[in-house]
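Each chain gets a letter, A, B, C, D and E, in the order it is written, and its residues are counted from 1.
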Amino acid sequence: MGYFEKTYHPPGTPPGTLVAYGDAISDGLSVRLIDYTSSEYSHKILERADECSNYVTKDSVTWIHLQGQIQADMILDIGNQFGLHPLAMEDILNTGQRSKIEEYEEQLFIIMSAPGNINNTTLEQISLFLGKNYIISICTGDSDPFEPLRSRLQKKVGRIRQKKADYLLYCILDLVIDMGFPLLESYGEVIEAIEDELLSSKTKQITLKKIHHIRRELLLLRRNLWPQRDIINSLLRDENELINEGTLLYLRDCYDHTIQIMELIETYRDMTTNMTDIYLSSSSHRLNEVMRILTIIATIFIPLTFVVGLYGMNFNHPESPWAMPELRWYYGYPLIWVIMISIVIGMITYFKKKHWF
Amino acid sequence: MGYFEKTYHPPGTPPGTLVAYGDAISDGLSVRLIDYTSSEYSHKILERADECSNYVTKDSVTWIHLQGQIQADMILDIGNQFGLHPLAMEDILNTGQRSKIEEYEEQLFIIMSAPGNINNTTLEQISLFLGKNYIISICTGDSDPFEPLRSRLQKKVGRIRQKKADYLLYCILDLVIDMGFPLLESYGEVIEAIEDELLSSKTKQITLKKIHHIRRELLLLRRNLWPQRDIINSLLRDENELINEGTLLYLRDCYDHTIQIMELIETYRDMTTNMTDIYLSSSSHRLNEVMRILTIIATIFIPLTFVVGLYGMNFNHPESPWAMPELRWYYGYPLIWVIMISIVIGMITYFKKKHWF
Amino acid sequence: MGYFEKTYHPPGTPPGTLVAYGDAISDGLSVRLIDYTSSEYSHKILERADECSNYVTKDSVTWIHLQGQIQADMILDIGNQFGLHPLAMEDILNTGQRSKIEEYEEQLFIIMSAPGNINNTTLEQISLFLGKNYIISICTGDSDPFEPLRSRLQKKVGRIRQKKADYLLYCILDLVIDMGFPLLESYGEVIEAIEDELLSSKTKQITLKKIHHIRRELLLLRRNLWPQRDIINSLLRDENELINEGTLLYLRDCYDHTIQIMELIETYRDMTTNMTDIYLSSSSHRLNEVMRILTIIATIFIPLTFVVGLYGMNFNHPESPWAMPELRWYYGYPLIWVIMISIVIGMITYFKKKHWF
Amino acid sequence: MGYFEKTYHPPGTPPGTLVAYGDAISDGLSVRLIDYTSSEYSHKILERADECSNYVTKDSVTWIHLQGQIQADMILDIGNQFGLHPLAMEDILNTGQRSKIEEYEEQLFIIMSAPGNINNTTLEQISLFLGKNYIISICTGDSDPFEPLRSRLQKKVGRIRQKKADYLLYCILDLVIDMGFPLLESYGEVIEAIEDELLSSKTKQITLKKIHHIRRELLLLRRNLWPQRDIINSLLRDENELINEGTLLYLRDCYDHTIQIMELIETYRDMTTNMTDIYLSSSSHRLNEVMRILTIIATIFIPLTFVVGLYGMNFNHPESPWAMPELRWYYGYPLIWVIMISIVIGMITYFKKKHWF
Amino acid sequence: MGYFEKTYHPPGTPPGTLVAYGDAISDGLSVRLIDYTSSEYSHKILERADECSNYVTKDSVTWIHLQGQIQADMILDIGNQFGLHPLAMEDILNTGQRSKIEEYEEQLFIIMSAPGNINNTTLEQISLFLGKNYIISICTGDSDPFEPLRSRLQKKVGRIRQKKADYLLYCILDLVIDMGFPLLESYGEVIEAIEDELLSSKTKQITLKKIHHIRRELLLLRRNLWPQRDIINSLLRDENELINEGTLLYLRDCYDHTIQIMELIETYRDMTTNMTDIYLSSSSHRLNEVMRILTIIATIFIPLTFVVGLYGMNFNHPESPWAMPELRWYYGYPLIWVIMISIVIGMITYFKKKHWF
């Protein structure tokens, strides 16, 4: 995720201008139309937008789902049939929008950000229109997140087929919001791993990079997921006639989930702030230790070296047998080498034990 | 406590799906039924859920308490008899919920987090249903926290037997909230101990670990206990007909306790933030001291060593009696050793006194 | 002051249980009864609680003041005569309460924290009951803070004798709140002294302890005094019939004082945060200076020492008169000692001037 | 941008005093008058203010745009014709105003700040008057930002010619607000570049300057753009009769943009705060590494140097063949030089690899 | 400015006690009485308070201004004639009050803090009473800030003579608030100067002192000026009958100024926080550099010194012409001195260039 992800027109462009941005990575656009009542269910792949004209006023619930690279003309065709507002259509194409809810006369327009997974933390923009009997969902990105819902619709699992379009909207929102939990669970594991690293082993440059990376991700995630709470809250508070009384109870559950997600993100952010403090403290502790060893060795040996330098140790004269007898030993010189090599090996062993290498 | 404790369904699961998570650590589930009026009191262990069917509409106060590993079918059985909402039953099983209150038509559903003790800081989820004449409480975890209440009920201590189910709810909430005080008292002692360590003795890696641990615990405790304030506040503010006027006065006392707990947690959090600052400052002060000693010794002896190196101290020629007479003393060389060993012992004594070893 | 000062019952104790905690430090309990109208004034020491029974409904203003170690039975006796609520009586005994105001049917119950002085920063809990014609005040601690008020009552200074019990309540609250000013004035002086220390002289461990101590005191003071603002605000906002219109103007003055106290505490807290930053910056500046000196001396002399070591300065051969003539001087060796001792004295003088010792 | 950009009168100057500040950098003032209905369009450069007198009450939409160095008398002339308030005229001349909206009886007065680009981050003050049929816009600075709008008006692109003056106001506000996006996009790139620098290469003084510069810019940008959100919000909330119902939908889109801009600025600010932490942590990590190398080398060689100093290595006597045979080799001395030069080259290569030079 | 500037009575003093604090620095008190209508203007120096008795109910606007050392009896005399409230009179004498507004029955009482200049940052307390036809202003301090207003009144500049007492109040408030701009402008310059110092040259202790000083000033300024915003806001919001509708527009301009002042202070505070971070980062960067140089020199020369120490460089035997021929050169010894002095001069030049001296 980058800091600036918004696609925008040059300042001064007329409002409602439809230009499709984005590189042609996705292999085109797939348009699905699902139509169901409690008893019937049909699913087809649309080729042209005018195929859906019959469904605009039909009593059954119609769900049109566009997945992949959005094309300006397809949006315009569908938009004309369902009477979508030009500003809403512009927002679909200018990806990187802030999640928001907009009430039009006969429609509710919602933009959500679907979090990905820890390895691929791009956010996909999901645009939703709720009408009286239909939902139009537009999702950029390669993988279709709504497969589980279609399966529940087809297999008639739970209440979903008995309910109206507003319940389908709840199911979609719930799905998108719950996609945050696996991501946050993996973040939690990463944070606990970094904590262990910080407190147990030596400070590494790589740990710092990890802390920075997770802070950055949390910052961007927070910015993108924060408005979702407001969207659900606005659905609960504003009495919109497109949302039935009975669905509100379910949306309240949804709202609890958004709060839990925000609290987790805040907890993680607090924790990563703590971790930078610990990194610094632990680093400062280690420096103290290193300096203490240097100071001990240096302050002991520097005066000694002065003393032996002072006397040049020229005691080797015949008057006294106490005058450096070591110099006259047969193996004196090799013995010195043995002593010195022992010191080196001892020091290196000590530093290895302290993980200085 | 881990950062991510929530049990959740995979995104896309239908709402109200009942699956019991959690490993089979607890030795099964115990279900108690207590039924009392001001004059009568009965207590039995339920084997099957349908045994409680008689109590649903009975005028006496009925308290059903489930303790231990929650089983999905038992919840479903009891839920059907008392008309519990599917989303509420799902929340009981998906442990790690945020504390919350939910008003259903004839019931009040509350989730609380019961704090443990300092040695075992896991939080148990306590789910409560308040009906007209009954309370159902579900508590995961091994130890039953409600023993004191049952004892008061049986022994008729205080007003509890004269009052209705809403007073029992107050007693339960009060008990759960007050479980925070012993934990916070022990945290306070730990923080004061760390403070003493920080300011008196030398900086230790272990102190840093302790600070980090307590910050982490406080962060998680705060996240879990914060919503309890909102729950009590919501009981006080929303005039729910299940709560009698007279009980509100007691709940206000409860509310004061939640505020006091939150203020203690905030105070502790501020204090641990201070402690990291002190750790850093104190560490930096110590480094200064270490470096000052090194610099003093090194800057004094390095020029001296240069001087003695310069002259190689080859003064030992016969022309002058002033030329290093020490070299010609009988015990010159052993004397040098005595001087040098004294320096080493002096230094080591000094460093020991400064706690550098 | 400790972080956890609250006296609490074990979780699960029935509400309204009266147990007197606290060690028997205070030498018992003194109970004073003052009764006055604009013309009359009487003052007596009560031995038994039932002596005050005549004053419960009397038209004159009655002020009962309990000072010292609170006894559960005395509270209960007085409570029964004036109809005090069991939860209020429990709060009197469980000291360390958060300051709060509670409205009962015919009474107002207020708990305040009276700040002490800088040398003895324990807070005393002051509990107040305002009835139609009486005030009951309970104050733990040895010294009676209300002496100036009694003197004003007796000497008829100001308006106090013309007014009712609510004006007496204002006088008590004003006195308790204003006790914060001398304490904060002394804190202000301490903070300015630490600032001077930080910026002028060398960093000392003791300065760090002082900063920590004042931060800790401010944190606890803030937690305890913050709710006083809410109490006065609540008296101003809620139109309680026990408080006359005319007294509100005086309470507004009181409210300004609580705001000024909170602002002073916040200013002090900000300043102590700054001071930790300055400590670190100043410490880091000093380290830089120390290291610079070490580096200058070391990098100059280490290569020189190498050079003189390289040649062993064995120039002393007869071929050249330029080869180290110093070695052949008569006073060569003592001269070297003079040079070296001069270096040592110079260095030590320099370090003394820099306050390194 | 400087911290203090406001032009202000000396305290005590009468309100409504018109004095033009600013140096004569801009080459005078250009005044354009555009007048259009859905069918007609005229554009002329005004020489004198009284030329616009015909347009004050005309039904067509009139847009008077002043660009360049503002002259007090020109503002006064136009102001008299359109009935502008003296305080509003004073605000036009005292540049560096906070963005604000002011409702007068028949006019709406808005001050905006137009952000420039990353290379030239001065903010231009744009003052706008909305009347029933006219807009007066005053813009300091050399370049005219409204060229795209005039082009749309002339070429009849989009709805702009069908709409009234309030839609033109929306277009101007939208243009000014959207000018923030390219600037923030470039800031985002700068921040990502600094991040890469921080985590990959060595700490440089220049990086610190860059971080400081971007923080400063963001701080000032935030202060200047924050009130724009309030302006648009105030237009949406207060039902002003100069703004048609249909334009509100467009302004809501505008409002979303201001929120997105503020969120981006907040995200960037959080990120730059993180960057200072990383700079410090990374710097502290590097210091640790440097000190570790010094300590390893010094603690190994200082005792060895003591040992060789101790014995003065005077083993070169005839008794033992083991006594330093190297000294008697033919090429002994040049060999030592080879060893020493190898050490120097090895060290320098190592430090080069670590980017220490 | 000190942290604690409030003058207060000992706790327990009766409300409304009038005692004049402050040392007798000012040379007495001057009392001016200005009386004007749109046509007439009179100005006299009052000797005794009862001279103003005629003006209490007069229709013209009367402005009584007390400047200098406040005397309790003078305040009491004037207070009795105009019916000032005892608590308000007490606040005039107890200087160091928080800025506030108080509505009495027929009067408005306002306390403001007038900021001085950068060299003398004491705040003067300005107390204002607004009555139906009069304003009483009391200002401690030597210099009279209202000279420009009196000049405008006398010379009939602007609208001031046509308007009533409430417009005069606005003029006074506007003057006092605008006195903040020159102070903040000079603070802005100081901050920019410190920034340049921080980023360009070496870290100095004096810079740290400057940062601390400016932070302290801003903290105190913020505490004192913050309530002014509330005062103006309260005048705008509460419809007081002493303030005419037409004056509100002018007060709104005043309100904008208070907001701009608060925003400037916040921006400055943020910037000084940044500066401490930069100081630390820059200091840490410099330490790294110093340590790098020390480590390079030390790690290169310490092993070399060991090598030359090892062999004692006793190669000077007749067997080989390669054995240290330098020692036998005629000018060998002076050459060594030349080399060593060159090293010293080179090092010192390098350190000078790095500003280490």
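Criterion: contacts are C-beta pairs under 8 Å (C-beta built on N, C-alpha and C of every residue); 3 or more make two chains touch, one makes a residue touch a chain.
All of these numbers come straight from a predicted model, not from anything done at the bench.
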Partner chains shared by chain C and chain E (touch criterion as defined above)
none
For the two copies chain A and chain C, what is the rotation angle that overlays their Cα atoms, in steps of 5 degrees?
145
Could you grab the centroid distance between chain C and chain D? Build each centroid from C-alpha atoms only and quote it in angstrom.
44
Chain A residues counted as touching two or more neighbouring chains
280, 284, 287, 291, 294, 298, 302, 304-305, 308-309, 312, 314, 324
Can you name the chains in ring order, beginning at chain C and moving first to chain E?
C, E, D, A, B
In the complex, chain A residues that touch chain B:
147-149, 152, 157-160, 174-175, 178-179, 181-182, 184-185, 187-189, 191-192, 195, 199, 249-250, 252-253, 256, 259-260, 263-264, 266-268, 270-271, 274, 277-278, 280-282, 284-285, 287-288, 291-292, 294-296, 298-300, 302-312, 314-315, 317, 319-320, 322-324
In the complex formed with chain E, which residues of chain D make contact?
2-4, 6, 8-17, 85, 87, 97-98, 100, 102, 203, 205, 208-209, 212, 215-216, 219-220, 223, 276, 279-280, 283-284, 286-287, 290-291, 293-294, 297-298, 301-302, 304-305, 308-309, 312-314, 316, 324, 326-334, 336, 339-340, 343-344, 347-348, 351, 356
